[in-house]
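In what comes next, subunit A is part of two complexes: it sits with subunit B in the first one and with subunit C in the second one.
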Partner chain A sequence: MPNTTTNNTPRFAWRGWVLPTAFIALWFTATQLHWVNTRLIVPPQGVVTTAIHELQQASFYAGVAQSLWRDLSGFAIGALAGVAVGTLIGVSRLADTLIGPTFHTLRQISLFAWLPLLSAILGTGDGAKVIFIAFSAFYPVVLGTLEGVKGVTQAHAEVARVYRFTAWQTLRRLVWPAAAPQILGGLRLGLIYAWLATIGAEFLLVNDGHGIGNIVFKGRSAFNVELILFGLLAIGTVGVVFNRLATLAEARLLHWRAPQRR
Partner chain B sequence: MAVSSDDIAIFPPEPTAASALPLQRSFPQPQAVPASAKAWRQPIADGATWLASSLGTAALGLILPALLYALWWTAADRHWIAEQILPSPAFVWESLGIVWESGELQGHVGHSARRAALSLLIGGSFGLLLGFAMGLSERAKAYVFPTFNALAQLPVLGWIPLLIIFVGIDEGLKLSAISIAVVVPVALSTLNGIANIPGALLEVGRVYQFGAWQTLTRIVLPATTPALFTGLRQGVMQAWLTTIFVELLSSSEGLGFFMSYSRSLSQIDMVIVSMFAIGVLGIVIELALRLIESRLQGWRRNAF
Partner chain C sequence: MSHAGTIDIQQLHKQYEVKGQPLKVLQDINLSIRPGEFISIVGSSGCGKSTLLRLLIGLESGYSGKLVLDGKPIQGTSLERGIVFQEHRLFPWLNVEQNVALGLLNAPGTQSEKDRSVKEHIALVGLKGFETAFPYQLSGGMSQRVAIARALVNRPEVLLLDEPFGALDALTRTRLQQELQRIWQAEGITAILVTHDVEEAVYLGDRIVVMEPRPGRIKRIVDVSLARPRDRASAEFVAIKDDVLGEFNHEINHATVAERLARSSEPLAA
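On to the complex of A and B.
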């Protein structure tokens, strides 16, 4: 009896693979036997060939690098501004009454609706894209920080007062550590939105730049379905990697809180 | 029940109810003051200060928008930025009046709203179906969840070029793209909601020998309501975001189209008008969600 329970844990989760395998088998058969228009529904091996070909191109890596650079610089600006504004609104009631209503109203403007105006003012180059990406990361980071800062208890604030913390010390040693889980949650969401904005900006401002989104869009205009599928996978992979890194960073940074969370 | 001093000021509690509540510290006891107009004046004075302070708060909140508006007005008036790039506020107001009176703006709003709502319905139903199937059946989850989770990692925007190839750039593209954006959050939060039902509740159902239908309607649905609402909120947000995106990308009607069309004609005034309309719609959506949320919570209070 104990033998079966120990065997149970590392068991291969075969059921999860049934659907993808069946799908790829059907896809392969359908294209092989020409049940479908193979120009529209390309054979899976074609996608693999394209992927191998693209992965050997310097232009692909240059495109990914360009997108990543824009994404991360925009994210950095948006995240810094977001933590600053979130902390300000959260800590100071005056700042909340002054800035809060404007912030919560502007937040209702759908993200991509900013892009035409931004591109009119700043052009379609890197500047407009980076600012747009910063914008997209800004909102979730502010909301996360705000939530975290509002959750700091009165008791903790009193301890800080007893120790005569300066304003900076209060922020560094009380407010930010206490709000860390929510701030990091906001940062993670900001990272996801920044990547979405990176790709979206490349789709919408298509005539300019050579990012990963542009590669995909080139595939669309050339009717190259293999390239589109490969681009979709590449975009998804970057997103997954970001998410993994965020999870790792969160676990690392919140390590000291772990016993309390349990 | 949380009672703040503001609540007391507007609605002075009945003497009997008030004496039962332990909040008399800041509030003069009726017995302490001889029956005179004094006891009545206090709440009115409180109400007046509350009104004044909340008006003051609102006024403070208007300072920043007023400053921004003044900056915009000055920048346009002094020609700091070319008029083609940043039109004057007066010009934008005028443009708003023109498209409002011709009904053009309302038409675009209607198109965008219809698109978002229809996709929300399609994507939401699929998401609920998937979420319930994976949440209720261990087997369905084992088969479907890994694939679903892998596909959920792909950003919606990434699907769009592929969808363009398969369904073209007509209404099908918009509806399918927005629906895909809705399915993921709805299914995930439904699944989470079901997974987080307290075991004790299900046990109660077992004790009462509930059938499958009774368990579903009496335990699973009420217990997952907050999670379903979270899913709805995220689904609505995603739907609205994606609607504007696809309309900007390729469309012949809707707010996003109006925006990119005006942009291509360098009519920045109309771009700002559409941003304004998108913001107003965003606020309407937010208020509607809050209304639904409070209804749901009211229902929850009645139920338990």
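On to the complex of A and C.
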């Protein structure tokens, strides 16, 4: 464990900040010297002012909370279903021949192509949004789980038989732990997809609901570019936090792997 | 400690289907093993020795003849029979303790009894202090010790060993052979060892079953009535080893001649 953490702790990665800093400097200069139409390309300090204002509004936090709630419930449903279906297809040849072809065909359809159908049936409420989010988390989780489950070795399966594991013990003590690296990879991807879908759903299934996507949408209708940009930043920040949490969870759950193999 | 563990093999035949053709892998195997006996099985590859072991552990099925442990026909796997494979086959996500405890997952007994048995068997294979180590932190020899502890932890009547030290370096192998002998004596268990290594077979076996290939059958059974621990350099030990090795020389020459004949006749047949 000590090895793995020292290896993975990054020194302050200042190189990564060069580009954003240069961009903001250019942006600031361009608006300051009126190289651009400042009604379209608003000055960065305007975004900061809007941000400070928004961050003091209870409605902003209510919106973030709404979005997160939709995101996480959709993700939970999609992830559970994804692990279940991925395991089923991976473990059972019958299920593979029954479900496999349908699954692999359906996943060729762009997720956003489902939206009109979903809203026709379920309207534009939370139900439609959560299902859409669940769908988008579902595919990467199935694929990750499938890959992991198929990777369980015959050698380990024989150990399970020798110690007379029941079907449930085989899943819980062999299949899922062995597939954990790929399942977690799928879950991490699913988490990102779910967040993209959350924002997408709030843009495309527009109702009078509240959410972080609605903030951006409101900004657009009011031609408030500062608000749009603040919304983008907020969305990006949540995404980064999710990814960071996923990385930490993975490192913790997969601590049994040899460090050099990461 | 009086263990059961009598194995009776009579007129055992086994064949596979290869491209629709039956392929005999075992032919007329007859062998009776006493409780607590140590049997070594040697033979060149393809002689069916591993198949025989896999039938005994219950990972292979579909044979004709009699395969009986303590009066009951062997069917599928059972906690009465433990096995150590050539590769350690530990679960990399479990530490030493948890890997050994896998052997007890479906065994009767209370949790505290199981914990005690796990502890005892880790000590038995000399890994005290490594309970919480993960497989990636262990050497090949240590991993194989864990596999032995896992196989023995629920006190089976028979321990099957499928070339367990084949992948280890010579020094580690010699050390583990001594350890295995000590453990076998301590547990009073019936042991069946499949190996390529004739010296290993003589060092450990009460009897050595020499098998020959195509189809796999027993060629000869050699008694080893030397006192333990055995001295590998003693004249008697070397004599038995040479005797067993002699069986192979003959077979190699025979096979080479047969193969040459087969090859030279091919163009004619075509």
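Here, the second predicted complex is superposed on the first by the 234 of 262 C-alpha atoms of A that agree within 3 Å, B and C clash if a C-alpha of one lies under 4 Å from a C-alpha of the other, contacts with A are read in each partner's own complex, and residues count from 1 in each chain.
Everything below uses one rule, namely that contacts are C-beta pairs under 8 Å (C-beta built on N, C-alpha and C of every residue); 3 or more make two chains touch, one makes a residue touch a chain.
Nothing here was measured: the structure is a model prediction, and the numbers come from that model.
J.: Which partner, subunit B or subunit C, is in contact with more residues of subunit A?
T.: Larger number of subunit A residues touched: B.
J.: Of the two partner chains, subunit B (first) and subunit C (second), which one does A:T97 touch, if any: first, second, both, or neither?
T.: first
J.: Applying the document's definition of touch, where does A:N37 land relative to subunit B and subunit C: first, second, both, or neither?
T.: Neither partner.
J.: Figure out whether A:P20 sits in contact with subunit B (first) or subunit C (second), or with both, or with neither.
T.: Only subunit B; A:P20 stays clear of subunit C.
J.: Between subunit B (first) and subunit C (second), which does A:V225 come into contact with in this model arrangement: first, second, both, or neither?
T.: first
J.: Thinking of the overlay built on chain A, is A:Q154 touched by subunit B (first), by subunit C (second), by both, or by neither?
T.: A:Q154: touches no partner chain.
J.: Would you tell me which residues of subunit A are touching subunit B in their complex?
T.: Going by the criterion above, the answer is residues 13, 15-20, 40, 94, 97-102, 105-117, 119-121, 195-196, 199-200, 203-204, 216-217, 219-220, 223, 225, 228-229, 231-233, 235-236, 239-240, 243.
J.: What does subunit C use to touch subunit A in their complex?
T.: Those in contact with subunit A are residues 57-59, 77-79, 82-83, 85, 87, 89, 91-95, 102-103, 105-106, 134-136.
J.: Which stretch or stretches of subunit A touch subunit C in the complex?
T.: The contact residues of subunit A facing subunit C are 155-156, 158-159, 161-166, 169, 173-174, 177-178, 180, 256-258.
J.: Show which residues of subunit B lie in contact with subunit A when the two form their complex.
T.: 57-58, 60-65, 68, 81, 85-86, 139, 142-147, 150, 153-162, 164-166, 240-241, 243-245, 248-249, 255-256, 259-260, 262-263, 266, 268, 271-272, 274-275, 278-279, 282-283, 285-286
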